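So, here's a batch of structures to check.
You will see subunit A twice below: alongside subunit B first, and alongside subunit C after that.
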Partner chain A sequence: MIKAVCGLLLRAFVVLSGATILTFALLWNAPGDPAQAIAMARFDALLTDEVVDQVRQEVGLDRSFWQAFWAWLGPLLTLDLGFSAVTGRPVWPDLAAAISYTFPLAFSSLAVGLAVSVPLALLATKRPGGWMDRLAVAAASLGNAIPAYWLGLILILLFSVKLAWLPALGASTPAHAILPALTLGLGVAASLTRIIRSGILEARGQPFLPAFRRRGIVEKSIGRDHVAPHAAIPVVTVLGLELAFLLEGLVLVEVIFGRPGLGTFLVQAILARDFAHVQAVVVLTALVFVAVNLAIDLTYRIVDPRIGESDA
Partner chain B sequence: MRSVWVLAIVFLLLAGLGPVLAPYDPTAINIPKRLSPPNSEFLLGTDAMGRDILSRLLHGARWSLGLAFLISVISLVIGTTIGLVAALGGKRADWMVMRTTDTFLAFPELVAAIVIAGLMGAGTWSLIFALSVTGWMRYARVARGIGLSVQSRGYVVQARLAALPAWSLARWHYLPFLIPSLTVVWTGMFARAILGISALGFLGFGVQPPNPEWGSMLLDARVHLRSTPLQMLWPGLAVVLCVLAINLTGDALRDALAERDHPK
Partner chain C sequence: MTLNVTGLSAVRSGRTILHPTTLEIPPRSRIGLVGASGSGKSTLGHVLIDDLRARGYNVAHVPQSPDEALDPLRSMAFHWREAEMALGLATGSTDRVGLFRALKIEGGDMRKRPWGWSRGMQQRFVIAMALIGAPDLIVLDEPTSALDPVVAATTMDLLSVTLKDRNTAMLLITHDLGLAARRVDTLMVMDEGRLVERGRTEDILENPQTRAAKSLSAHRSWLALPC
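Up next is the complex of A and B:
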């Protein structure tokens, strides 16, 4: 067990280091002259080569790849994300402001997803193959095919334009979060429903359940103590994929609904060629992603001790 | 299940014949007729520049489905090669290759694709690059997994003892085993590529106007949500139907393979 945990930690470390280098290399090799872009963003005019060169030196773009990498990594390790060369402000406060909009949205979407998918999967598995089951599977397949940006537009059309019940753009009140959370949450629900459903069906087929029944254990306790934990295993394994789905969806949904969150922050940073901002978001995403996957791998082993240690 | 195949074939035909069936030039600008609702002249109406939406949808099928096919095949080739290298290359190569794969998996695919395509500058080539570079990892994992399971089979051991070169081992002893599972993964990735292309198009990082691509059509339509809400319905519907048809085909394929491997 300890060996396996160490292996997982080493893996997470290697992957995270690789991800950091990859991020930096990507931005370093991006076509176009970043110094020019920064100068344009700052002075908002056509510039002479002299000014661009001056900016280049000031921002440190005249160094070699590894020099620049270490200069960026050192402060990063102390969570210092440096200054944005475009806005001239430190990255962290702006990033934190963006996160404060994204975090609640991510959680409420996840809540919506669970609130829809768990009851739906339970209803579907009451009679496998019945009309409820087929309806749930069909709804999930349809939900998986609907892109978040289209669903978002339809919800805006329905609830903001036609019915005028909910606000669509911005993030000034909590009511502004309802449509985005619904958009993302329904997408999450679609993929979770399928997984929970097949998890329950597989758990029901376990050979020890008839033995419990014969011993006279009540159906309720079998469901709670034996079927539910078994059904949870496949759900836990795909939570990482679910998180990826959530992060991808967040970018699009925030752009549609004009929420000033992490996704909007990223897209604006790309358009402005604000490398410090892009790097910060990408590294943060990778960090969250790797950390969550590590946590999943660890829980997985705790939930189901049968999982082999040699599994690479 | 037959209906799904029919649907998939209909879409392929539409992508192939779309330009022939389209009543108008998809890029022809007709300002006096801009934003007209569906009528007998323009069956699905026109967009903000007076371009026929039906023609754009039909031509767009070629962009969306064609590019998605190209991207999913490129990543299939990259991923399979990398997975086979890991499976055949011994323990150390395996570890290195799989940690590289994990590193690429450390970013949510679409977020990475948005960053890459955005930084490379909007355009079809950066779109293809961005989505292929972020799409090969699942193939690699599947190819490696199956590759390792094939490794201990008698005839593979025999072939190894006979000092068969690695590439012919890969070609004749590993690849035939990989094809069924990889096909299932491929259908999923094909659908994902369609979604990715339209997502990038929607953000303005993908196929550039005036080329008709479903995602960028949605981007155009979004501005006119209040005045001509129907305009936004069609491209989205096209994406949904295509993805649904492909996903269902993939499901059917997977079930058929499971049936073959474990007959009831």
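Up next is the complex of A and C:
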């Protein structure tokens, strides 16, 4: 257990340091003058070189890369995310506001994904190779192939423009979250359906099941106690990858639907070269990844006790 | 009570893999079903189990390997409980301790999963599970082929002792004539989905009548194996 925790901490350290250094370096070396971008975002106008130089000094861009990086990292070790180069406000309250929009959307999307994929996969596996199965596989393949930004626009066109049932832009009411959650959730559902379906079919082919039937164990118990746990193993693995897909999709979807979440927060920060904001999102994302991977590791050990056992 | 079955047959992908077969299995009998690989022995075993179970008999089955009988994700205690419930018995009502002692697996930790036990112990656990509720017939399908010869012989010895005081009949399916010769008093020989010969074990070994029986008994060196 101690070994596992140490391994996890080491992994978290590698992920966090790698992600923060890499993003900082990318932002630092991106074409164009970061001080100019910050000044333009701050004053919303073209400015003289003196003003730009003043901004450069003020936000510390006149230092070397490592000096600037340590200047950001030092306060972070005391959980201080620093101040925005554009607004001058502390990062944390703005980041917290963005999180309050993004996390509920991420969970609703995952819920939509599970609500669609689990029944669809169960229906598909009732008769493998039947019309329902082929339809589900075709729908899942189509869902995987459709990019989130295209689906988002189609949903806006259908439900907001043509039918006028749902609002398209903003995040002022819960109804505003429906189309973004559907856009992301249907993408998640597509890949989950394929994985759950193949997981169930593979689990049904386990070599011990015929003997269980001859032992007189009823199909309901076989499905619940033996097929479902085996089918859950690949699903747990894929859920981690789904999170990556979700985070990637969230940025696009928030921009398309004009939602003030982490995606919009990040895009604006990158355009303005607001190092503190970008780094805050990177640290948060890396932490979420580490936490989710830990949760998956632990779930994995519960679902498949062969993992991490010494007497296997 | 003698178990009688008639007209057992099986067709797969349009091909008859078991021609209509009639069997009579007296209580306490020890019958060996032998034949080359692919002759239809296991199919006959499966069809026989399904037919007898459908008619309300208590038939137990021990597959070739414990991998075909135990779920690696479930504990031994779970398997035992499930087997009891499948027979309509209250959990914990069966003489597990007695069966485990007879099969010498009383030291096995029931909280562990199958892979926490040795292969030999796993197979004996499967046999113990098969003997819950005193079955009318126990069908052993190549029960020792996944075990080394010494563990196989011990397992078969323990099974013989355990069955001694029971009315349970035993059908031993094997391609290993050496194993069958030591454990059964009646032999049935299968060839291409047909039961081609049936008789006392010594008679078939000494004086085989059909091509399949002659071919099997020609390999007398098998009889030197410990099981």
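Assorted remarks:
The rule is short, and it goes like this: the second predicted complex is superposed on the first by the 288 of 312 C-alpha atoms of A that agree within 3 Å, B and C clash if a C-alpha of one lies under 4 Å from a C-alpha of the other, contacts with A are read in each partner's own complex, and residues count from 1 in each chain.
Convention: a contact is a pair of C-beta atoms (placed from the backbone, for glycine too) under 8 Å apart; a residue touches a chain by one contact, two chains touch by 3 or more.
Here the structure is a predicted model, which means the values were calculated and not measured.
With subunit A as the common reference for superposition, the partners subunit B and subunit C occupy compatible, non-clashing space. Of the two partner chains, neither subunit B nor subunit C is touched by A:96. By the touch criterion stated above, A:302 is placed in contact with neither subunit B nor subunit C. More residues of subunit A are touched by B (comparison of subunit B with subunit C). In the superposed model, A:291 makes contact with neither subunit B nor subunit C. Of the two partner chains placed by superposition, only subunit C is touched by A:207; subunit B is not. Of the two partner chains placed by superposition, only subunit C is touched by A:226; subunit B is not. When the two structures are aligned on the shared chain, A:169 is found in touch with neither subunit B nor subunit C. For the superposed model, the angle subtended at the Cα centre of subunit A by subunit B and subunit C works out to 90 degrees in steps of 10. Legend: residue contacts after superposition of the two complexes on their common chain; A:6 is shown touching neither subunit B nor subunit C. After superposing both complexes on chain A, the closest C-alpha pair between subunit B and subunit C lies 15 Å apart.
Counting contacts by the rule stated earlier, residues 312 of subunit A appear in both its interface with subunit B and its interface with subunit C.
Subunit A meets subunit C in the complex at residues 206-208, 210-212, 214-218, 221, 225-226, 229-230, 303-306, 309, 311-312.
For subunit A in complex with subunit B, the touching residues are 11, 14-16, 18-19, 22, 26-27, 30-32, 141-142, 144-147, 149-150, 153-154, 156-157, 161, 243-245, 247-248, 251-252, 255-256, 266-267, 270-271, 273, 278, 282, 285-286, 289-290, 312.
Against subunit A, in their complex, subunit C makes its touches with residues 46, 49-50, 53, 59-61, 63, 67-74, 78, 82-83, 86-87, 112-113, 115-116, 129. The touching residues of subunit B, counted against subunit A in their complex, run 94-95, 98-100, 102-112, 114-116, 118-121, 191, 195, 198-199, 202-203, 205, 215, 218, 221-222, 225-226, 229, 232-233, 236, 239-241, 243-244, 247-248, 251.
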